[in-house]
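Shared between the two complexes below is chain A, which has chain B as its partner in the first and chain C in the second.
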Partner chain A sequence: MKQRKMTFYSWLCSAPSLLLILLIVVFPILYTAYISVTNMNVYHWFNFSFVGMENYRDALFVFDSGFLAALGRTVVWTALNMALQLVLAFVLASLLNIREFRGRKLYKTILMVPWAIPGYVSILLWKTGMFNSQFGLLNQWMEGLGLQAVRWLANDVSAFLCCTVVNLWLALPFMLMIMDGALQAVDKSFYESAILDGATWLQRAVHITIPEIRGIIGPAVLITLFTTFKQFDVIYLLTQQAGARTGANIHTILTYAYENAFITNNYGYSSAVSMIIFAVLVLFSTAVNRRKKEG
Partner chain B sequence: MTTRQRRRARRGLAQLLLHLLFLAICFATLVPILYAVSVSLNADNSLLSSNFRFIPERFTLHNYQAVFTQEPVMLWLGNTLLLALSTVAICLAVSVPAAYVFSRMRFRGRRPVLRLLILLYSFPSVLSMFAIYRLLSPMGLVNSRLGLILIYTGTMAEFGLLNMKGYFDTIPVEIEEAAAIDGASRAQIVLRVVLPLARPSILVTAVQVLIYVWNEYLFATTFMTGAEHYTLAAGLYSLQATEISGSWPVFAAASLVVSLPILVVFFAVQRHMTSGLTAGGVKG
Partner chain C sequence: MKRLFAALLSLCLAAALLTACGAPAADPDGPVTITIWHDKEDEVAAVLQEELDQLAPEIQVKLERKDGLTDSLKMVGNDPNAAPDMYFFAHDKIGVFAEMGILAPITDFVDEETLTGYLPMTIEAATYKGEIYQLPLYFETLLYMYNRLYMSDDEVPATTEELYAYMEQTTQGGHYGFVEQHSTAYYAAGWLHAFGGYILNSEGQPGLDDPNTVRALEYHKKFVSLMPTEGEYATVNTLFREGKAHSTIGGPWLVPTAREAGIDLGIAPMPVVDETGNPIAPYSGVQGIHVLKVAAERKHDAILKVLDVLTGDSVGTAIAAASGCAPARESCYEDPAVAEDEMVMAMYETAQNAVPMPNVPEMDVMWTVSENLLVEVNMQGADPQTSAAAAQQQALSLIEQMQ
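Up next, the complex of A and B:
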């Protein structure tokens, strides 16, 4: 009896929250799944019909559709960004933690600034302030060096690199803070004996520091992995804003799904792409959570 | 020179190099912001000349004045504050009790719901934006503030629940048991013991929700039409200078004005930020 009463009160307490989630998160996902098996688009807004798995087939097996290319690009994007972030954050945090380095607090605060500024503002400032071909700072410097102005965001490769730089700028502070905290948690006596044994900096990093901090930075690295894979703002705002495309075609999976829904208005197809992405994320998330439980 | 002096000199040199390196890195980090500050304050509109300098020769507040007089910024600020504060209030009101029971009670259905929430957490809301649009539109919730508040609270309710549940989990149950032995009721325990202990997490959750609404431009521009309904984020988005139109100095000034409140809030709660976020242990 007591158990039943507790169950009732527990559900009662969480009902408002769960109902909101049901309405705004769960139900739209189910509806997206439903749209994904129809041919709903701008011409078939009400009189759409059921097309089965056609949209999924188009996304996965018609190479020209661009989805697989976007998926591949997203994987490269995630790997590149994660590698750069981890290495740079590790090196910077190690330097910050050198003994008797005064002023590290001030430097740390300054390096936090990109994290504190609203992300979309930073991206737009980078877009106009740095990359704009007329008054962007990069081109002013190029001109100062006697070089020709470059349209940074117009070409696929350079736009991809620009996006990487901006993403790095946005994400590094978080990783740096996590690394810094982890390094401070490492027992200093390990290093003393290693130094006595004549271990070099690299040897100490590989054999002591990295194994020691791996458990501490693990959760933060996973969070960043997911956010990088799901990155939308950087790529969308820099290169693909509606009405202001820069000419580079560097879709990641999220911008690809967005474009098919809101620019080309191919709702059925876009929903199928969304469901595939969701499936990938679910698999990924399940694998991560299972490993966490075992580990 | 004795060995000791030599060692001290070498260490001094290393420190100097380290400082130079970090000064360079900090400068490189701040360049986009310094440039925006400089452009927004520069009285000589010499943007296209190549003799640009970071410290303008003549200062002006004209661009800031333009932000407040030529654009309905105060209206946007009002819209943002209304949306942000209602979202934070509703989100905390529904999430705190839910997070508490999911952390402390072992009731039927708890585990499957939790597992489902963790899976749903990895779903980016932009993917279901069209479905949300189509669902809310017949209810008259498109182009309405209530609709946006619903979307924002629904999206952040998940984060609020999982993040605070994670933090409640780290508070030892023994504290509550001790209070119960002293004769405190469940309500008293929650209000007097648990909530004060969970303050950092509640604070960080509130700030995260606030920052989310403050920065959200995609739903705000897609679901709202007409500049009078814009939030600051949507307004700034509409102000941006492109290759052909718009004023970069005014945009730079507006960007800084919009960022400043968030910057202040962020640094005020910064020391709680990493623990308040990772203690929850939500991945996705």
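Up next, the complex of A and C:
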């Protein structure tokens, strides 16, 4: 009896958060799944009906060669961004943890600033302030050096790199904060012993720091992996915003789906595309989790 | 005690979460309130509010500025508790909302004879499948503007070849003879129309691979080569405002900022394309009032009175004076203040050739597809014929997916 009471009490205490998760996470997914089997579109907005798997059949046409190229690009984008973020955050956090480093608290605060600015504003500031070929800072420097102005966002490779830089600017503070916290949690006596044994900085990093912090930064890496994989804003706003296209053709799966499905105002069809992308993400997540456990 | 308190708190929180989902109760008593959603600048909204305040106290008109107006309407357009009674927006979404079934025809409130006093272009824009869904208030279209510091009134090009010669002569050292948002569908459409081409016709059929469209794309390329590759709003307008571009094609919204920047601004008719003898014919956007079905029956009399005020000339002339927009009512142009306004009259002239933006739902997919085509041709050097054919196929398939 007491056990049952305890169970009820636990459920009751968790009820508000469970309800919230149900409303803002589970319900939208279920509703999208429901919409995906209806013909909800401009012509059947309020009087939509069940159409079975028809939308899924149509959605498969979106997953053509263009989608596969976008998928490949998304994987490269995720891998490159993750690698750069981990290395840079590790180096910066290590520097910020040198006790003799004066003003490290100030630097830590400054490095957090990109996080405080809304992403939309940051991205457009980078676009016009840095990369614009007429007024951008980069081209002002090029001009100052007597070099030709460059159209940074016009060709695929340089636009991809520019997007990576902006994404790093936006995402680094989070990784840096986690990494910094993780480094502070490492027992200092390990380093003292290692220094006595004559270990170099690199040896200490490889044999003490990285194994010690791996468990702590794991969840942060997973979260970043997904936000990077489904990144839309950076790529869309920098290169593909309606009325402000730059000429680069660097679709990721989300921008590709947006252009080939979501603009049709066909909610049934778009939901089917979303559900398939959702399935891809779940598969990706399972694969990453499995590897993590094995590793 | 502590546990009981925690349990109660959890219960309250959960209950609050659920009640937040409920709808607010409506107040059946008191004066009739008419809510109008809009996305306009403050000057225009203030004029409208002032005109409609004369209906108080029986009818309280509340103008509410709404960001993302069209998306909000898609969500709540048929919900009497959340939808507005009317909205004030451009005509190009009429098709979408009419198909969704949330719009009431304006002819249920305004008689046909009153509507004959409007410029035909504005009524054409407001008509979808034979029904008129908007009471037009004013319209806007693109204008050819120049900086008198560099381009004298005599130098203003009358034809596109004259414009090209001027561009060749003056585009150097960070200065441009002419700039425009060359790869944005809304701006490029004017060139297509001058050749008889089109993005989408009134039947909802795309015309990207129409021979006239392709001819226009090919001809337009040489002008783009003398403009900055970044053809977006910020770059083009900044170049003009900073005196680095001698002329541009821009909307009326550019005029106040250009004047503030100290530009001696001239406005001229659109250049005529030598090859066809037609001037560049941009899209026009007609701004007006739409009535929602959910309000049409419940508040019929109040809406009738609101629309009655809005069909008067004073609204059009007041909006023209406040923001330089061109009134939709023909008789407003007899007002001396309107007739002497250079910008309003330039817009009126351009409207003779302007093409109302298509108001069919299919246009939603055309912006993206035609912009991709323009980027391919203008920025990536693709062959117009091949790209246009591919774009047409994509447009057709997306339109099919809309159903």
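The rule is simple: the second predicted complex is superposed on the first by the 206 of 295 C-alpha atoms of A that agree within 3 Å, B and C clash if a C-alpha of one lies under 4 Å from a C-alpha of the other, contacts with A are read in each partner's own complex, and residues count from 1 in each chain.
Rule of thumb we're sticking to: a residue touches a chain if its C-beta (ideal position, glycine included) is under 8 Å from a C-beta of that chain, and two chains touch if they have at least 3 such contacts.
The structure displayed is predicted, hence computed values, not measured ones.
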Chain B versus chain C as contact partner of A:A89, first or second or both or neither: neither
Touched partner set for A:A261, first chain B, second chain C, both or neither: both
Which superposed partner A:M179 touches (first chain B, second chain C, both, neither): neither
Partner chain(s) touched by A:S133 [first = chain B, second = chain C, both, neither]: both
Chain B versus chain C as contact partner of A:L23, first or second or both or neither: both
Partner chain(s) touched by A:D58 [first = chain B, second = chain C, both, neither]: second
Contacts of A:T7 with chain B and chain C, given as first, second, both or neither: first
Which partner reaches more residues of chain A (counting touched residues only), chain B or chain C: B
Partner chain in contact with A:L71 - chain B first, chain C second, else both or neither: neither
First (chain B), second (chain C), both or neither touched by A:G247: second
On chain A, the residue positions that both chain B and chain C contact, one per complex: 9, 13, 16, 20, 23, 128, 132-135, 244, 261
Residue ranges of chain B touching chain A (in the complex, touch as defined): 11, 14-15, 18-19, 21-22, 25-26, 29-33, 35-36, 39, 47-48, 50, 52, 93-95, 97-98, 100-102, 105, 107-110, 113, 117-132, 134-135, 150-151, 153-155, 157-158, 160-161, 211, 214-215, 217-218, 222, 233, 236-237, 240-243, 248, 251-252, 255, 258-259, 262-263, 266-267, 270, 273-274, 278, 281-284
Partner chain C, residues of chain A touching it in the complex: 9, 12-13, 15-16, 19-20, 23, 41-43, 45-46, 58, 61, 128, 132-135, 151, 154, 241-247, 249, 259-261, 263-266, 269
Parts of chain C lying in touch with chain A, wherever the complex brings them together: 3, 6-7, 10-11, 13-14, 17-18, 21, 74, 78, 96, 99-102, 181, 183-184, 186, 228-230, 232-235, 238-239, 361, 364-365, 367-368, 371-372, 375, 379-380, 397-398, 401-403
Interface residues, chain A side, partner chain B - complex: 3, 6-7, 9-11, 13-14, 16-18, 20-21, 23-29, 31-32, 35, 92, 95-96, 98, 100-103, 107, 109-122, 124-130, 132-135, 137, 140, 143-144, 169, 174, 177-178, 181, 219-220, 222-223, 226, 230, 232, 244, 254, 257-258, 261-262, 267, 270-271, 274, 277-278, 281-282, 284-286, 288-289, 292
